[in-house]
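In what comes next, subunit A is part of two complexes: it sits with subunit B in the first one and with subunit C in the second one.
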Partner chain A sequence: MLRVVVAALAGLTLTAQAYAADVPTEIKIGTLYASSGRFASISMPVYSSLKLWADLKNADGGVYVKAFDKKLPVKVVAYDDQSNTATAATLYNQLITQDKVDLLVADSGSVLTAPAVTIARDHKMFLFDQTGTGASFFSKDNPYIALMADPVSTIWPKPAADFVIHDGPALGIKKIAILYSTNEFTGTQANAFRKFIKDSGVPVEIVYDQGVPTETTNYTVIINNINNTHPDAVFTFGYAPNDIAFLRNVADVGVKFKMLFVIYAGLEKELLEKNVGDKGLEHVFTYVPPSDMEYPVNFGMNLPTYKAAWDKKYSDGKLEFGLNAVAGYTTGLVIEKALSVATSLDQMELRRAVFSLSGNLKTLCGPFALDETGGQIGELTPLGQLEPDGHGHLKFVSIYPHETATGKPVYPRP
Partner chain B sequence: MLVYALVAGVLFGLYFSLVGIGLNLVFGVMRIVNLAHGDFLMLGAFVAIGVVTLIGIDPLFAAPLAFVIFLIVGLLLYWILVPRLQGSANPEMLSIILFFGLSQVLEAVTTIFLGTSERSIPSRALGTVFSTVKVKLFGGSPDSGGGPIEILGQGFPASWVIAAITSLVAIGLVYVYLYQTRLGTLTRAVMSRRDEAFATGIDVDRVSAAAFGIGLGLAAVAGIFAPFMFGSVTPAFGADATVTSFAIVVLGSLGNPLGTALGGVIYGICYMVVQTYLSSWADLLPYVLLIFILLLRPSGLLGRRVRVA
Partner chain C sequence: MPSALKHTLFIALPVLVIFAALPGVYQNHLLLFNFVIFLILAQGVNIIYGFTGYLPFGYVGFFGAGAYGFAVLVMHLHAPAIPAVLAAGLVGVVLGLLLTPLLRLSGAYFAIANLAASLAVLHLIANPALEQITRGPYGVSLSATFNPTYAYAAALVVLALTLGSVVFLKNSRSGLALQAVREDAVSASMAGVNVVRMRVIAWLASALVAGLAGGVYAWYVSVFYPDNVFSGEFSIFAIVFALFGGVASITGPIVGVVILYGIYNLIGFTTPQYFQLIYGLLIIGLVLFLPAGLVSLATRRGWHVP
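Let's look at the complex of A and B:
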């Protein structure tokens, strides 16, 4: 009998030692950022916001990891891809094969996420896609990806298209112009927008439909060409530098489009106010991002609390507060919640954990909901318009959908 | 549409002449490709942003300031870097590596101090000195500046016209320097045959230092207008500017600063026409022009005249 008890105790001791040896000292999160190059201004806020989440969690003793039933600190292993996709591909590989990170998080934006999608899939590593919304990333045969903080580009422009379809005819919108930058993010948005309009059968004619290279920073001639087609509404899909140049050129050549939609007037309003000025943004239609719209949360900080934390940590004014400054934190929240329900760090178990949050998690980015391919379909941004607030600044007026509308559209633009 | 594209192309092209002329002056005299050229342009842009932000005056006043600052920077850099470079076994190849490194350092340091975000200047700020003078002389509203300027019945950004006129003045001054001053004559002698110039007793180092300083100064002056021509600038802006400058310089003629003026205008017109009719392909233009000119006329459009002169 004594022998049996001793053997059992020895077995338990060995099991406990083996378990202790398996428990990591930290959770390694691998990611990339671009400190220079074309995508630095959208990458650095996302990375800084993810870091903010990690720092806050580590100050609190780490995140609860169900797989080990204990709190563990998180370590963000990050490299600078300098906005270069080739460099990004090498570094994503390095994170997986050399650093052996537990979780892989993509850099910001579709261009720098694109290399990660293939690499993650090849290594059977689940990709926490922060803001890469390109349609081609999400397919039924790729289980290794989910979009955290932006709607997938195939549905993102739906509120804008629905506005044209449902409210456009009454306003007199019969001819529209579409201008887009030829990359995965904005190209997909333009394609989706065009498809929504065409499929609706609404009597709206697309009188201008052109793509320009993403590097375009001069639109004077293009604006003149668009103006010659006499559109009732102009929809441009570009990155922040594109939108800054476009809006400045519109003001510089003295053209007044009846309706003008640009993406980043909303997503990075602070940045565009600095570069375009309030006058150039008045009455511009755009998306109303979660950085300017308070959603009820059931996990993490709400918008005012988070903004205060951001302002405290990044008080030097080098980073603007916009959608991207919220996106990294939202990714952190999804990671935290997923770790709290995943029974192991196996990549497919992490996927199951992330998908289990769909429809149940509400962060400051809005309700988290995934479709079967991992595309984000919950955090939709309404269509809004930037209007003077009477105190020398601009405010968002939500226009469409009508359920969330806070005002009526100003059309045509005065 | 074509007329608009052509006029816009001339204005845009004249500005690009200013962007490229400093690079060509440096190459013509020193046979060095300054791969940090675009980064000095970027620094010039931040000088303008600083002047407007801190002092609140017309960024046009930043042009002479930037020129003088970067002339001095150029002279200092020349004496620090170039004599050691010229003493090496393969100075031309080493210069490419060295200036590439300098470009990276300038971008990184600027990023550290100013961040990565886009920065700009309100369009109405450029040329306020003219509207102020106009108001004083003829009366009218003081905020009437900054609007479009009519050319052939079509509106063009006032900043483009001011940038194009400034470019013409700068190109004219480079012409005067090269053809009407003693240092300019010596500069042309060095550009023509560096070894012979050295053999005849010309202080090649002094001429080269002046050319390097003027080259950087001109880049910085071009940078003053960059926030208006490109919407905004970031510390990473320099690399693209260097590539476009290089294409323009080769188009006009490598080693002939005045050929750059022609190269810039041709580039500008081609860019605007392509943007009008084949907008998706517009960014390929510098490289396509580069390949065509190297295949059809490797010495550039004005190459022959310069070598003979």
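Let's look at the complex of A and C:
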């Protein structure tokens, strides 16, 4: 009997030791950021907000990991890819093969996410895609990816298109112009927008439809060409530098379009205000980002609390507070929630855990919902308009969808 | 022993054997793959710049065109990877032929015109009007051919061909003729060298190398945008690596890639915050003290460097 008890105790001790050996001391999250180069302006806010989440969690003792039934600190292992995709590819591989991170998080934007998609799939690593909205990333044969904080490009412009389809005819919008920069992010949005309009059958004519290189910095001739087609609404899809140049040129030329939509007036409002000025942004239509719209949350901080935490940590004002400044935090929340329900750190189990959050998680980015390929379809940004707030600044007025609207559109632009 | 055989046995073969063996001991295969790609591109720059004096700032144009040549064949003709890589090389050669008139220029004019040509190719491929053919700016996804192991092996084969070409140039009358053209085209012509033909051959060989490299790169990465494969950094890195080691030699570009790309990754993995500072100082030091590359340290002392 004594032998049996001793054997059982020895067995229990060994099991406990084995379990202790299996429990990691921390959860390693591998990611990249671009401190320089053309993607630095979108990458650094995303990375900084992911770091903010990690710091806050570690100050609180870590995140609860169901697989080990205990709280563990998170360690963000990050490398600087300098906006170079070949370097990014090497560094993603380094994170997986040498650092052996538990979770892989992509850098910001589609171009720097692209190398990670293949590498993650090759290594059977689930990729937490922060803001890489490229439609080509998501397919039924690739289970190793999900988009965290932005809508997939093919659905992102739906609120803007729906506004034209449903409210446009009553406002007198019959002719529209589309101008876009020829890159994946803005080109796909333009394609999707055009398709939504055409498929709707609404009597709206596209009188101008042109793609220009992303490097374009002078739009003077283009603006005159658009103006000559007498559009009732102009939709431009460009990156922040494109939008800045376009809006400055609109002011220079002295053209007043009845309705003008640009992407980054909303997504990076602070940046645009600095470079275009409030006057140039008045009555401009844009997306209302989650950094300027308070969504009800069931997990994590709400927008005012998060903004206070952001301002406290990054008080030097070097980082603009916009869409990207909430994207990394949202990724952190999805990771945290997934770890709290995943029964192991197996990558397919992590995928199952992330997909189980679809339709159930509400963060400051809005309702988290994934389609079957991992594309984000829940966090749609409403269409809004920038209006003077009466105190010398601009405020967002949400226009469409009507359920989230906070005002009526000012059309035509005064 | 003939010097060509010596160079093959003691330089080219060890490089190939080392890079064939490394995946067995080092897990970051993509890093090794990038080393191989930059070895190919640096030797490609060596062929055109080292042996003819034409500095190809837009060298990435051939690389990107090769990558898209591979992608188009796989997407539309469902071609297997190896014929698609060969087609990528052919695309590089065809583009080289189209750009042959650039060889009328020289010095900075050639460099700038070549850069402009590569941008033109980028914008042609990224044009949304060609979406049905190239997928325009929306990127390609080539999951049908995705096979990193075979792509790495193919890159080694391309590297072997490239090193073989450089060994040939270094040890043949053709290579000597090219160097004569680089030093003084008129004198070379007077000595019976067909200057135009020699320059075109070197130009097309260089384009072929970059096109093949682009093809295997597309095979390996499989998801990419025009911005990825036409990134000017491919040209800049290949040129800097070749110059750092020393051009018109077999070992120079190899030494340049191994040291400079090695340091690049070492800094990137350890102290990325000092990356620009350290890398910038290295390149300034090179330009100031070793304008002819590292191999000049040996040649100054009268040592022969192959």
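Everything that follows uses one rule, which is that the second predicted complex is superposed on the first by the 414 of 414 C-alpha atoms of A that agree within 3 Å, B and C clash if a C-alpha of one lies under 4 Å from a C-alpha of the other, contacts with A are read in each partner's own complex, and residues count from 1 in each chain.
Here is the rule we go by: a residue touches a chain if its C-beta (ideal position, glycine included) is under 8 Å from a C-beta of that chain, and two chains touch if they have at least 3 such contacts.
This structure is a prediction, so every number in the text was calculated from the model and none was measured.
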Checklist line | Clash-or-fit label for the pair subunit B, subunit C on subunit A | finding: clash
Margin query: Under the stated touch criterion, which partner chain does A:Gly211 make contact with: subunit B (first), subunit C (second), both, or neither?
Written below: both
Next item on the list: Based on the superposed arrangement, let me know which partner A:Thr236 touches: subunit B (first), subunit C (second), both, or neither?
Entry: neither
Next item on the list: State whether A:Thr90 touches subunit B only (first), subunit C only (second), both chains, or neither.
Entry: second
Next item on the list: Using the touch definition from the top, say if A:Ile119 reaches subunit B (first), subunit C (second), both or neither.
Entry: second
Margin query: I'd like to know which partner A:Arg248 touches here: subunit B for first, subunit C for second, both or neither.
Written below: first
Item checked: subunit B versus subunit C as contact partner of A:Ser110, first or second or both or neither -> second
Notebook entry, point to check: Which partner does A:Glu184 reach: the first (subunit B), the second (subunit C), both, or neither?
Noted result: second
Notebook entry, point to check: In the superposed arrangement, which partner chain does A:Ser35 touch: subunit B (first), subunit C (second), both, or neither?
Noted result: both
Next item on the list: Share the list of subunit A residues that count as touching for subunit B in one structure and for subunit C in the other.
Entry: 35-36, 182, 211, 213
Next item on the list: Mind listing the subunit A positions that touch subunit C in their complex?
Entry: 35-36, 79-80, 82, 84-87, 89-94, 97-98, 110-111, 114-115, 117-119, 121-122, 134-137, 139, 141-142, 182-184, 187-188, 191, 211, 213-214
Notebook entry, point to check: Which residues, counting only subunit C, touch subunit A once they are in their complex?
Noted result: 27-31, 34, 123, 126-129, 135-141, 143, 146, 148, 221-225, 227-228, 231, 233-234, 264-265, 268-269, 272-273, 275-276
Check: Which subunit B residues qualify as touching subunit A in the complex?
Finding: 1, 4-5, 8, 12, 107-108, 111, 114-120, 122-123, 147-148, 154-160, 229-232, 234-236, 240, 272, 275-276, 279-280, 282-283
Checklist line | subunit B-facing residues of subunit A, complex | finding: 34-38, 40-41, 43-44, 83, 182, 210-213, 215-218, 220-222, 224-225, 228, 240-241, 244-246, 248-249, 251-255, 271, 274-277, 316-320
